[in-house]
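Below, each structure is written out as structure tokens.
Next come two complexes built around chain A: one with chain B, the other with chain C.
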Partner chain A sequence: MPSAAPTWATEVALAAFSWQELAQQVVSGLASGGIYASLALALVLIYRATRVINFAQGELATLTTFVAWSLTNHGLNKWVAFPLTLLIAFAGGVALERVVIRPVERAPVLTVVMLTIGLLIGLNGLTAWIWGGETRSFPSLFSTGTVDVGGVAVSYADIGVIGVTLGAVGLISLFFRFTKLGLGMRAVAANPETSPLVGIRVGWMLALGWGLAAALGALSGILVAPTVFLEPNMMQAILLYAFAAAILGGLESPLGAVVGGLLLGVILNLAGRYVPEVGGESRLAVALAVILIVLTIRPSGLFGRTVGRRV
Partner chain B sequence: MSALLELRDVEARYGPVKALHGVSLSVEEGSIVAVLGANGAGKTTILRAISNTVRRSGDIVFAGRRLGRAGPDAVMRLGIAHVPEGRGIFRELSVWDNLRLGAYVRRDRAAVAADAERMLGHFPWIARRRGQAAGTLSGGEQQMLALARALMGRPRLLLLDEPSLGLAPLVVREIFRILAELNERDGLTALVVEQNASVALRVSQSACVLEVGRVVLAGPSTELREHDAVRRSYLGY
Partner chain C sequence: MRLAWGLRVAAVAAAGLSLAILPFLVGDYRAFELGRMGIFFIAILGLNLLTGYTGQVSIGHGAFMAVGGYTSAILATRCGVPDYLTIPLGGLTAGLAGLLFGIPALRLRGLYLALATFGVAVAMPSIAKHDRLEGLTKGTTGINLPELHSGTWLYGVTWAIAAALFLLAFAIVNSRLGRAFRALRDSEVAASSMGVNPAAYKVAAFGISSFYAGVAGSLYALSNAYVNPDVYFVSLSLFLLIGAVIGGLGSLTGVMAGAAFVQFVPPNASSILDAVSPFAVDSRAPGVPSVILGAALVLVVLLAPTGAGGLLRRISAPLMGRLYTRSEGG
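Now for the complex of A and B:
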């Protein structure tokens, strides 16, 4: 047997390795994963209720993040401006559903998907038209610096992003589980035909879903903008990561979206650090590979149910 | 005495296909009315016309009020609970959530809790299975759950679509026994569409027979039971 030539695997093994750094990479992966998770959850909320993938989810997030920027720029404290932005995003999401989506409620799913692609382009143009195309810095909610956790330096920003996204996800799951509106929204997702027969106003539940999704998107925009900087195309890559996360977790499953997001964040970060071929730009390729692999091996995702399509 | 529900010359269509050709019938308060007929006679469509889940024309008057353009959720809020064909269970939701959904439009929490207790009296197994996904129940249990859910809304009128469909005879008898009990004890009013004519004619006070979208025969259930054509076509003796 000839001696093994240095291969991809040995190259990885040869790269300087420390457990501390691995832990650091995992934590910052979880932080970016939390951002993907909130946008993925937004996609899943709308998909579950209507079978529609909202391609405009990312642009909606960008636009609302610009709103947050304008509010802080006009002197509003960020702790006031950001929650206010979430409310504005919520109202905007509800309005968008009522005005744009409602007229095509009974149209085939593909029609609605095309409409959201139109929205993507329209909102992107609108954002660039109002705020211009230049890149802006965006205030972070969290202070700079790191804290030592068992010998691992973890940045406040990472901890903050993980905390905020998990908090938001927790609040939403409490809302779904313990409120009457949440019950109504779950009912519409489970059986839109029967829902009106128990008195649920299905249209308003869908609008509410769009509102929640828009608020989650705004949250992901606000969290990601300090690192990727604010510009009209800011969320386009993030939306692809969110797709990958949602597909990884199962498009039907809110829990799957969150786990998928966190997992994807860690996968991308580790691949970027330990696989020499994967640089910053080729992270997108890794995300697409994840989509491809999941769709081939387990199309329903980690948490999806493998049941037949509803007719 | 005026009827709780009255249909006058109701027509309904699915796209270009007419399913009801001018149906008139009425349901007195406190009575059970059965609609009999073969597959495709339009039985289900009558209920769908009432809850406005099919395109229809003609007059439908409920408690002295024309239903007009009220959507299905508005019709429910007026006091009409519709258990649709195939039961309309929320399969992914728990048994308990299904039951709670029946009271979705009600705001009187204490009375809702009392009604839930009452349902557990009728259907004790619900308490044992409350956390289970409703889709995992047997067909009979799903039918009972759908019935319990409808009753949780305290409807003035219950619309029941083929409660016996696909169920074992014992289960069918149990469901109709409960229906008769609710009718006698609480004065429940119901319009029941049913292919199983013998059991439907036993619990109902009056009935009508539907053939290709028209009422061809109507009257008190005791009379229809003795009617030759009904006996030959629907009772089989």
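Now for the complex of A and C:
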């Protein structure tokens, strides 16, 4: 699978070390990290509300990215098509929660996990069914070219991706912080039993959470598609990176998801460049190692609270 | 009681006999397919011991099949071991890998274990392709095994092993070990207060289950006569999980239904879709098998969470009950 990093960096064999190159690697790592961060944030939003990991989050993102591709392919301007896609993704997320997840709201967590795995397989098939299995190029939001920042050439695409993800994360945290709806969603996440007592409609809050998560996933799909190319299995690796990012930051913490995502992006990029063993696909093994190490040493992640288990 | 036993023995004997002559009746290709089904049967049996009986979800059992398959291929090509002798070795290597993975996984319950095993499944192909292992695994090209066996051979070997492993699973489930597994599944706290050591039993369950996966993986390699990283891709792990859920978690009898589902539904997905769809759809498009599998998993979880095994129990319980009371009365 082509990675989000520029290929020239990996093809240059261990050449001389230079600070400029290190800085470039960090910036492009932050850019791919931003993509992992938005998908990781989507996972964390659902986890906080329902204690469930949505294994279908990546496939949902792929499906909606294909929707964006179809919209632009039918002549719609990308600045209209992409926001429209986010709205469609939001509606799809809400509908999915209402129809499929709602009936198992009170079932054990693992039942719901099985359900999301069913959705993973089904949505992957649906995408291949509708759009076929071939790889497509996807328009980038940003123009090509680089800008010089203190002697370091940084591409517009990298700056754009970092900016868009940070913007989206900022908007979401403002929404949670300052709107009544956001307060309601936080209340449901903190205490689903008592929040109905103060008039919060728990079911709709959960559905809203799924909608937001689907929109964030769509965003990550739209951002990553220009570099990895659009195909039905596009998000499979990204989903693993997002898992690693969410676990690194702490599954409980939205801030952790973002920091974890950015950090993971940088780690993978630097490892790919400076560790001869790591390159191309073996980044997946690095992500797996991150998951296993964090879960073994500090399961609550960097930003998670350690919660005692009561008998 | 005696009547029921006699009936059971006769039924098992008849089933065994008809299974033994089956491949000669249906032709070599069908025998091959049924052999493949036996491979899934073994792997799902192992997964069921772990997930259904011990309550630990693994989405990465395809990776342990890969360990078994690669072990067989390497032993058969490099050391000249006859390929059927590599099957137990493949199982043991995978079991060892499972034990090793089970130790960090001990700290992970439920969801986290699912995540970590999913990571194993996704990362496995890239590990097998890694430059450092290329000397052993031959990278993306994979390894060709010396001999391609007939379908009848595969059928016989696979189902003989499957029968032995089924008996082993049956013995495990009904032993002290199996009781400890179930106690851990139902309540880890209660189990450990009864003197069950959660760490030891969970690692044991992981090891046993990976052994099953490894045997299945070896047979899978033998059935193809090659291994490469893409044979054991993520979807294989997901297939096994689907089979376990459809067969019914915590039910050994249901495993047959799960294995049959995984073997026969994907290749026949388009005709199934034609049969159930009220509209004319392009049923030969790529992705249709996945849609059918995903939809089946969602429907089973929503409508029949106990799977085929649970349905079977519900149907057979009154029948068997009557059989027993009648024979005891007479």
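Everything below uses one rule, namely that the second predicted complex is superposed on the first by the 293 of 311 C-alpha atoms of A that agree within 3 Å, B and C clash if a C-alpha of one lies under 4 Å from a C-alpha of the other, contacts with A are read in each partner's own complex, and residues count from 1 in each chain.
FYI, a residue touches a chain if its C-beta (ideal position, glycine included) is under 8 Å from a C-beta of that chain, and two chains touch if they have at least 3 such contacts.
Just so we're clear, the structure is a prediction, and the values are computed from it rather than from any experiment.
Chemist: Tell me which partner touches more residues of chain A in the superposed arrangement, chain B or chain C.
Modeler: Of chain B and chain C, the partner in contact with more residues of chain A is C.
Chemist: Show which residues of chain A lie in contact with chain B when the two form their complex.
Modeler: Residues 180, 183-184, 186-187, 189-191, 193-194, 196-202 of chain A touch chain B in their complex.
Chemist: Any idea which chain C residues touch chain A in the complex?
Modeler: Contacts found on chain C: 55, 57, 59, 104, 107-108, 110-112, 114-116, 118-120, 122-123, 125-127, 129-132, 189, 234-235, 238, 241-242, 245, 282, 285-298, 301-302, 305.
Chemist: Which bits of chain B are touching chain A when the two form their complex?
Modeler: Within the complex, chain B contacts chain A at residues 51, 53, 71-73, 76-77, 81-84, 88-93, 97, 100-102, 104-105, 149, 153.
Chemist: What does chain A use to touch chain C in their complex?
Modeler: 51-53, 55, 100, 103-104, 107, 109-111, 113-115, 117-130, 132-133, 232, 236-237, 239-240, 243-244, 247, 277, 280-285, 287-288, 291-292, 295-296, 299, 311
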